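Naming follows writing order (A, B, C, D, E, F, G and H), and every chain is counted from residue 1.
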Amino acid sequence: MDKMLKIGKYEFKSRLFVGTGKYPTFQLMKEALEASGTDCVTVAVRRVNLTDKSKESLLDYIDPMKYKILPNTAGCYNVGEAVRTARLAREVGLSDMIKLEVIGDEKTLYPDLSGLIEATKTLVKEGFTVLPYTSDDLITALRLQDAGAACVMPLGAPIGSGLGLTNPMNIQIIISRLKVPVIVDAGVGTASDVAVAMELGADGVLLNTGIALAKDPALMARAMKQACEAGRAAYLAGRITRKYFMAEPSSPKEGILR
Amino acid sequence: MKITLNGDARDIKNNSTVKELLDFLKLKSETVAVELNLAILPKNEYDNRCLKEGDKVEIISFVGGG
Amino acid sequence: MDKMLKIGKYEFKSRLFVGTGKYPTFQLMKEALEASGTDCVTVAVRRVNLTDKSKESLLDYIDPMKYKILPNTAGCYNVGEAVRTARLAREVGLSDMIKLEVIGDEKTLYPDLSGLIEATKTLVKEGFTVLPYTSDDLITALRLQDAGAACVMPLGAPIGSGLGLTNPMNIQIIISRLKVPVIVDAGVGTASDVAVAMELGADGVLLNTGIALAKDPALMARAMKQACEAGRAAYLAGRITRKYFMAEPSSPKEGILR
Amino acid sequence: MKITLNGDARDIKNNSTVKELLDFLKLKSETVAVELNLAILPKNEYDNRCLKEGDKVEIISFVGGG
Amino acid sequence: MDKMLKIGKYEFKSRLFVGTGKYPTFQLMKEALEASGTDCVTVAVRRVNLTDKSKESLLDYIDPMKYKILPNTAGCYNVGEAVRTARLAREVGLSDMIKLEVIGDEKTLYPDLSGLIEATKTLVKEGFTVLPYTSDDLITALRLQDAGAACVMPLGAPIGSGLGLTNPMNIQIIISRLKVPVIVDAGVGTASDVAVAMELGADGVLLNTGIALAKDPALMARAMKQACEAGRAAYLAGRITRKYFMAEPSSPKEGILR
Amino acid sequence: MDKMLKIGKYEFKSRLFVGTGKYPTFQLMKEALEASGTDCVTVAVRRVNLTDKSKESLLDYIDPMKYKILPNTAGCYNVGEAVRTARLAREVGLSDMIKLEVIGDEKTLYPDLSGLIEATKTLVKEGFTVLPYTSDDLITALRLQDAGAACVMPLGAPIGSGLGLTNPMNIQIIISRLKVPVIVDAGVGTASDVAVAMELGADGVLLNTGIALAKDPALMARAMKQACEAGRAAYLAGRITRKYFMAEPSSPKEGILR
Amino acid sequence: MKITLNGDARDIKNNSTVKELLDFLKLKSETVAVELNLAILPKNEYDNRCLKEGDKVEIISFVGGG
Amino acid sequence: MKITLNGDARDIKNNSTVKELLDFLKLKSETVAVELNLAILPKNEYDNRCLKEGDKVEIISFVGGG
């Protein structure tokens, strides 16, 4: 059997991390989360909606006994906002993990790398288990590791774009150089994207839109689960090397009728 | 008595505690966090911490996100 | 549940077809075939080895009750050889299916397309269930369908190359235009290659070297199985559309602390 | 009596049947196919079809392949 | 200086072949052809338009002293039509070269490979200089060479698609295996596509839509000319080998201030 | 005619910037620089070699009247080293431009982005014309622009790798968002890589190894020059849009013989 | 006299030669090719080859194409 | 008199100026830059700036680079 994935003091059986945003209904979300086999779901931190009481609460549909809660700092555009949001998230009392986002640009939602490193240092000092959402830049990944991040989460492509891994070599370079786990976060559009990331040697994949906005979220969630396991198994099994410009027969060359 | 709650002006009963405010808003303290005048308020203070005129209160919770 | 795959008069639960060549040992092959979950295995037709008696026989390791046998005409370089080999294969009495190969070049093992069409016509007339190994050329695929092929099997890349799908658009064009099933044959190097093929809408995938020469064939076989199911599920689930140059937040834009 | 078996010259007992040849070679008829002078020989003829001097016999079976 | 390109008995200084279709006006076409530096332009064979006399004639804008005329058999869907069209084209008296197209499908305009080989044999016997438009299939390319084709013209992508080379490896395989010149025909969308083809070792490139429908045809024509020369020069100059996962400093490692 | 490229107070006719490292001989370098048509060459700053007097000097082969000199800070691993090197480079008296490199990792030579921004601020205050070598991260590029960089120079791939543009979308995003010129620096292996960069809308390309280590540097330099002009022209000419899964005939559909 | 010209029925002067037809249509013989009843007509026959009732005539030329 | 030149200990004539050092090293002042004890030395000081025992001198120039 494959070993558990360790991030900080936490262990996960599944290597898939799934977001809870953008589902047509909470019920569909619940089914998708189950189908995904994930142990850990991300949530956003927002002001309680005081006008609309009717609104059901996300937490009515997520069993904290079943899923570890990973709050994010989505929507934070500077270190101060991100740190403040992280502290409030922890105060809720369900998790001291934080998916740290310090967004640098509204259109691409690419991270502000300097701000990210600074916020990571601050939150690590305060005892958070920090999972920073970063770019595919090796140097930043190394700095985040030095800053005490529990893992690094390089983006495969812009959040919600569904483009998959736009620069697999950079992801592979990060994987080959870091000691902490590498979770590919953002950009996953379909199952094969997850398999590709895991085959590069990623320790896990985090995704949301790819499942939530699929025509059939639960079915896509199952696909992501299998692709994650398939990619991991293929990585461990040791793929064949690529041969260019030529073929290698799989049937014997001897004993052919002539 | 006037406070600012999640960014909006709001009238509440004088000297009401944070716990009373949450109850009034039908919010469970286990699923929210409270920030009072930009400082986090520990859950164990909800019962006896009284709000004052002009206090800035933020009550947050978790919503769907990625 | 997903519907069965029908090829001619045969039905398959698994959409993975696995070859039996190049495994380190028959025992490892047996374990890999089981792990792959396949219903159908390909075999080559060769002169019985009369010198080396010791040699175990392939069929001692394959239960014809468990796996449908799909003999191939690998090594045949013209229509005559291919037809002769197909007839002998059927005479063994285990299957009237034939994976038809008419090789046009020894270095690339690319098919001779005209010869392939001619041999297909002949064998279909003789009542064979013909599964032709072809290139990714749409026109040839249409001619093979007209000739009565039970499916078409375009190559993703040269046999044994492990390059995956070198021209996904051509495969997708074939899938979108044919009525008979399309099985991607050859070129698969790792699990994600299988997922990609299935996500394009392929009805199945046939592979051999990718499993047989992996460091751990049984583990890679399981990876291929999961990737095949993952890709199929993702195809049925309806993936999100790709967005270029921009991101789409998965967390709400409202209620952010400011 | 000389025949050509799978491409090689071979001496076998006179008038031996295909079945006898297979038995001698320890081959099960269920896992092979036989071609006699370039024509396939149906399994039901193995028992009584006698081989003649100079016959070209091909016996094939299945091996690992992709 | 680079050697001339020989196709059959003809020699060309420029390795760019340019089509004459789809230009906004004949005048823009004339300017584009000049800017492209081509020696050889393709034309289509059609019934004279008897209703609209006003219509200017293409040949008023093409000087046969300056450009070799290469008629095509575009729109022919079988061997008979293609051969008949080729004969009429030659009878005009401007050229015995024919860009042979036997189209197999209206939507993709992919060639009918068997028909193409047959038509090539017929026209070669009749003394034509045959330039067949084919797929990127090596075996067909070899058969066309055997049939006496003066060169082979594999498609990079569907005609007019502007997708560039969708399967560079197959083009490179053909280049490495054929004795006659290889001209990449169809699919070119922009200058770099031409450079890529030439860098693979192609002997030339044929294009039309990429220039004719560009916003500024003459400027794009100049771009294609330069890209063709650039790609050819790069091929002859011998590019550096690719290095993965690591860098190689271009400045010395010694003498650095510390 | 195309407009001049302005970087800070300087103007360039050629959009190609060429390095002076790694040539087999100074004479071959001189010929390559001429063939490249560049106006601006990069040089490294190093301690004078006092042991080996015989050694010819680079500057004997570069006419400062003909080429603007762009010294780099290659080999500097922190802000202090980079600033110190830049000051010394300027003191030589040939140029106040500096190609600013703050390297973050010896194996990939990827830049230290935080250090790069800091060093840019310092040198801009001191009146340098700063051309920072950066990653393809949009946010960093924006910060560098804010810091007063005269242009930004995102890498296409690791220095000397010859991999071309590994993430074209990121380069295109930077181009679309910055006001200062964008020069693609590093990774170029062959002519088409330059054309691709310019077609994305890059204002220029900087390369060294691709020319210096080619089998024929002068010929490759000419190829790079033509590719740069070709890519620029194609960008200005407005390429056709890509069409997937279908073709668009370039010959008329009317008047075909039937 | 009726002929089929490029697929359409057409009335032309009796016994007119191909050359006369081309002149009437204002077509230069150097830029066209003529097919008469599915057989190519060599240019040197344009002058003296007379058309007959019901002849099928195709006149083609070059147009822009790729 | 001992100085450190480009990282190596070096004996030079007492009280020699930077200009004299460059001349001795056969270096043209137009193609180098000089750092004296970690501070850049302007070219116009080469002539009259005398070196002292223990000075740290760096002389740099341009070499091939990308």
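The rule is simple: contacts are C-beta pairs under 8 Å (C-beta built on N, C-alpha and C of every residue); 3 or more make two chains touch, one makes a residue touch a chain.
Keep in mind the model is a prediction, meaning the values are calculated, not measured.
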item: Steps needed, at fewest, to go from subunit E to subunit F via touching chains; value: 1
item: Pair sharing more residue contacts (C-beta pairs) when A-B is set against E-H; value: A-B
item: Same-interface partner of A-D, chosen from the options E-H, A-B or F-H, over half of the pairs matching; value: E-H
item: Inter-chain centre distance, subunit B versus subunit C - centres from mean C-alpha coordinates, in Å; value: 63
item: Separation of subunit B from subunit G, taking each centre as the mean of its C-alpha atoms, in whole Å; value: 95
item: Whole-Å gap between the CA centroids of subunit C and subunit D; value: 33
item: Whole-Å gap separating subunit C and subunit H, where each centre is the average of the chain's CA atoms; value: 73
item: Subunit C: positions in contact with at least two other chains; value: 19, 21-22, 44-47, 72, 74, 84, 88, 108, 110, 159-160, 163, 169, 173, 208-209, 212, 244-245, 249-252, 255, 257-258
item: Two or more partner chains touched - positions in subunit H; value: 7, 58, 60, 63-66
item: Interchain contacts, given as pairs of chains that touch; value: A-B, A-C, A-D, A-E, A-F, B-C, C-D, C-E, C-F, E-F, E-G, E-H, F-G, F-H
item: Subunit E-facing residues of subunit C, complex; value: 104-105, 108, 110-114, 117, 135, 137-140, 142-143, 163, 166-167, 169-170, 173, 177
item: In the complex, subunit B residues that touch subunit A; value: 5-8, 25-27, 30-35, 40, 42-43, 58-66
item: Touch list for subunit E against partner subunit H, complex; value: 249-252, 255, 257-258
item: Complex contact set, residues of subunit G against subunit F; value: 7, 58, 60, 63-66
item: Complex contact set, residues of subunit F against subunit C; value: 169, 172-173, 176, 244-245
